[in-house]
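First chain A sits with chain B, and in the next complex the same chain sits with chain C.
Our next item is the complex of A and B:
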């Protein structure tokens, strides 16, 4: 078999036994002559096929993105067209206590949620991977939170964790006493993280199930013959085999964890918990930029920071993966 | 393949378009002259009223169209949740309806953006039909003019759980009426119930500061002033309540829905509401309904808080005479009285509150609540400053929460809240 580098140097047509210049002649008598009208129209076709996609991306992604970038340098308000203010919004961010609170909480969310979402769904996938009777029920059950509405899920958890809810009733019954899951700043954040992890388990479990299906059974059998136990096989066979999937899960979950909104909003309320101490960056964007007196320019500046941090997170994950490979 | 020129042009347009957002807005608008012929198609937007009052509004619209042939009113209703966001999206997109149901705090930014018609110029002849205070409620400090017709007024009663009061050794027939009485009784209730029953479920709002007698803004209306000694005194008292669990521990994250639920379950002894809540208590908490007490809002000024709804005319409407005529029609004495008989609201038109419907007892709880509310409305005050935006409310709630948690002194918390509100006020322009 030729090495990839050797085939790369040879033109594909030549590799197939054709002369590079004979391509048009070989297309037969019906082929258009160079410079003909039909030939000039050909490049338009791919653009026409791609037009709907380009339009959607342009209107719903590119335009809002560029618009946000531009607004970040203005003092635009909801009903007032803004003026260019340079870096004033970014300078204000540095002195905005709530921005640093949001940055802290979003970062803590990544640190708390990502390791759990990388590891726990893998363990869950290993459990439900086995073909035993009734396993389909468990696979579906674990996936149910993913398809459930976040609002419904959030409200159920609020009822459960309320001072007079089921969890506190159980804790009181065993003598622990009431715990302020929804009134303590840190417990609120932890509770929201728990809901995010619980909701994400099923989704990432499916991704891991697909990856585990590609791990050759022989590797496990060989390791077993060599005397490796279940834990050892997990670290020496399973983890290396699904490492690229783990990186993917880490990248996906870190981006969504940094942009968390719904869970914290539903559990901590629109103010972001007591004194706004559980506010995340995306909640701050929503609170600052919406409403009739919304500061669109300032909210856009926060969005730009969220975007930059997200890009950095992705790069860090990819870099860690590359380092691991070398 | 070279990039086609058209693609380059498209990309350039995509990049340049957002820059146009920095330019001046579209100033093309409708006429302020409402004296022309009343005709044309107009749109009327209400705030979460279709579900319960569809026949009423359809009747009002049909009567108006009959009175003014050549007019057509399209009625749209928006849910309560996110109403301000819907209006702001419509206003920013140039699709604001011709006639809009608003509250004074929603009118302020719309008037500043030139989107609310000045009724002192276009409909001054109707001013005498309304209560003076109600007409003035849609005037914006720093601007000349009135920017919405006053519509219905409300002042919710305060409900209390008589059995919880009795269990704490309090006289259930004499509920607190001033803040001083409230603080004393709340501390006793918390002590007797060993911290299991709180009296209040919400942190103090700007209206509480107003009812306590705190000056909310300076005389010129250019800055906030609720961090004076009286304001600090109120917050210090609330801190005492919070520490004694007389203020619910979850009050810092409470919403009106969550505090209503706590009142239903007997975790909280007092809760503000409206006459509509009585039916809810009857259905969901019959035991509470049997023990329900109804009293006026707590106030140390002798004047309760009044909520005002208004009907604004879009300054850019293409049919100013029809839009002004319809906004007036919906809010005139006859229609307001008719609406008040369908739901527990109170007309803002002069003399309407003297109608026997608001003065004569018939022995039912609903009538008792209605008469008490109508009586207190006669000298009620809309304590919420019209310039006090949602962002300012959030800033105040956050600082109050810090003070209650002991992270800041009440004085420092209110100083910070005033500072943040003043900064937001300046940024509003």
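Our next item is the complex of A and C:
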């Protein structure tokens, strides 16, 4: 995650200490240039290079973002321009039971998914870290769920967790009996979380593998000499060494968990269950704001809440990180 | 044998017996540890790949085979491609696959060209407002797509592009993160070669095309693969922007198939295999770029 300041850092050729002459060479349109070629190129072409990207990002990301903020204060509908209504949408949110259901489910999703996605992929990375024969095959195989579309993954698990599906057949075979994974409100949410974790394992495993490669072997050896067992070494050597990666994973996974849509949409259906009790916030946005009668204004207000919560989540993770550090 | 497995320190007997297997630091790996590792690896393998195989197996089971049997039967007794034929009869699955392919291919081309150009402008060219241009991409990257999706939809309506494949491609056709990835790749190149070309009179286009671009092929491949995968797998945006069933992409078509024929598991299974097979093949061929993309996207992005 690049902070604006670090990405905006301008590496001047002079600062890099290469060829003193190069510092003045590309100073921009204002600088006197020896070759007429350069004069012809510079004023226009840099913007030609960047223009397509800026245009796309401006029209399809930044403009919609601003327009979401504006629409949230209007009663705009899909086919109706709408008027300014002040905070009416946000007041309505407070009394909208479905909004609170969505907020609850999306929040529960974060609480359920993030700890699992911070810890399990780390353990998995430790498992595939050592170069034993065939390990590259296992690493690739564990990544397969990441490659598959979320729709494919969702449908595979809908079939696996079906009342007559494989998981229930196995549970029955060992005498546990059938479990209504997809019929009970809470079990369904839990199953969707499990699918999210299942699909995220391989992705975060790769991130952790890169971090583990940078842990000095000497630390482990020193701890081993001191008589620390595997569990002890995990907590005293591995965890501190990959802590910043754990924070990164927590940040990435909590933001994406709060925005959960596809898993629950596929497993609970477009309405989030018979009474919508498994609706998540983004599902509510999609349901409210689309179609010919879509309430764009109201859906935008929910979108603003989604955006604000993701910002708060990021800040919380970063703050927890700083607290632990001091 | 069992003695060595139970003895907790197990150092001497196990290492003596161990095959000459060493880890990356030249230390021997003990046998019981190796056995434990492989057992765990196989367990996780069953969990991660098993569901795909079960789906494949279901898709190959004929109409007369019981797919609900308990205990379950893992292998189809009489494998048949009949279900794939039936998917094609039920929904225009090959048209959907073609739509997905068009969207994904377009996404690859626009992302590669657009982000290479913009990345080069941000990294190498000098002009007023470059910091601002960089900031535009950083801000765009930080906006969560889900929170602007309704406004993107109304924007598409205003442009008259809703319910078209172009509308599916446009919002992500030059990803801000890809631009920043390319920028980083160009920044990591040494200046000297480009300077030499500059002295020789090469203009910005020539320097970009002949010198800088060939040096960042690796990152470009990462951008291409993730653009393909992102477009092929995307669900929420095409679901919102496409309403005409003849224009569906595979993921939306599958959702439709599931919604309409949910109780025909063989059919849905065949559909999902059609959707996932190309990506697994792609992944099998180009693994290292997939892994590289995860690292670059997460750490630098």
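Just so it is clear, the second predicted complex is superposed on the first by the 274 of 326 C-alpha atoms of A that agree within 3 Å, B and C clash if a C-alpha of one lies under 4 Å from a C-alpha of the other, contacts with A are read in each partner's own complex, and residues count from 1 in each chain.
The rule is short, and it goes like this: a contact is a pair of C-beta atoms (placed from the backbone, for glycine too) under 8 Å apart; a residue touches a chain by one contact, two chains touch by 3 or more.
This one's a predicted model, so the numbers in the text were calculated from it and none came from an experiment.
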- Query: A:71 contacts which: chain B (first), chain C (second), both, neither?
  - Reply: both
I'd like to know which partner A:63 touches here: chain B for first, chain C for second, both or neither. both
Max touched-residue count on chain A (chain B vs chain C) belongs to chain C
| message | Just to be sure I read the superposition right, which of the two partners does A:121 touch: chain B = first, chain C = second, or both, or neither? | response | neither
Let me test your reading of the model: by the given contact rule, A:47 touches which partner, first (chain B), second (chain C), both or neither? both
**OP:** Report for A:289: first if it touches chain B alone, second if chain C alone, otherwise both or neither.
**Re:** second
| query | Of the two partner chains, chain B (first) and chain C (second), which one does A:147 touch, if any: first, second, both, or neither? | reply | second
Based on the superposed arrangement, let me know which partner A:164 touches: chain B (first), chain C (second), both, or neither? both
Problem - Partner chain in contact with A:306 - chain B first, chain C second, else both or neither - result: second
| Given the touch rule stated above, what does A:217 touch, chain B (first), chain C (second), both, or neither? | second
Going through chain A, the residues touched by chain B and also by chain C turn out to be 43, 47, 58, 62-63, 67, 71, 76, 78, 162, 164, 269-270, 290, 294
Contacts from chain C onto chain A in the complex sit at residues 21, 23-25, 29, 34, 37-38, 40-41, 44-45, 47-49, 51-52, 54-55, 58, 68-72, 113-115, 117-118, 120-122, 125-128, 130-131, 133-140, 143-144, 146-155, 157, 170-174, 176, 179-180, 183, 187, 190-192, 195, 198, 201, 203-205, 208, 229, 232-236, 239-240, 250-251, 254-255, 258-259, 265, 268-269, 271-272, 275-276, 279-280, 282-284, 287, 290-291, 294-295, 298-301
Listed in rising order, the residues of chain B that touch chain A in the complex are 1, 4, 7, 10, 14-15, 17-19, 21-25, 84-85, 87-88, 91-92, 106, 109-110, 112-113, 115, 249-250, 252-255, 265, 267, 389-391, 394, 397-399, 401-402, 405, 407, 424, 427-429
Listed in rising order, the residues of chain A that touch chain B in the complex are 43, 47, 58, 62-63, 66-67, 69-71, 74-84, 162-164, 180, 182-183, 188, 268-271, 273-276, 287-288, 290-295
In their shared complex, chain C is touched by residues of chain A numbered 1-2, 4, 7-8, 10-11, 13, 16, 18-19, 22, 25-29, 35, 37-38, 40-43, 45-47, 49-50, 52-54, 56-65, 67-68, 71, 76, 78, 124, 127-128, 130-133, 135, 138, 140-145, 147-152, 155-160, 162, 164, 166, 169-170, 172-173, 198, 201-203, 206-207, 210, 217, 248, 252, 255, 259, 261-262, 266, 269-270, 282, 285-286, 289-290, 294, 296, 299-300, 303-304, 306-307, 310
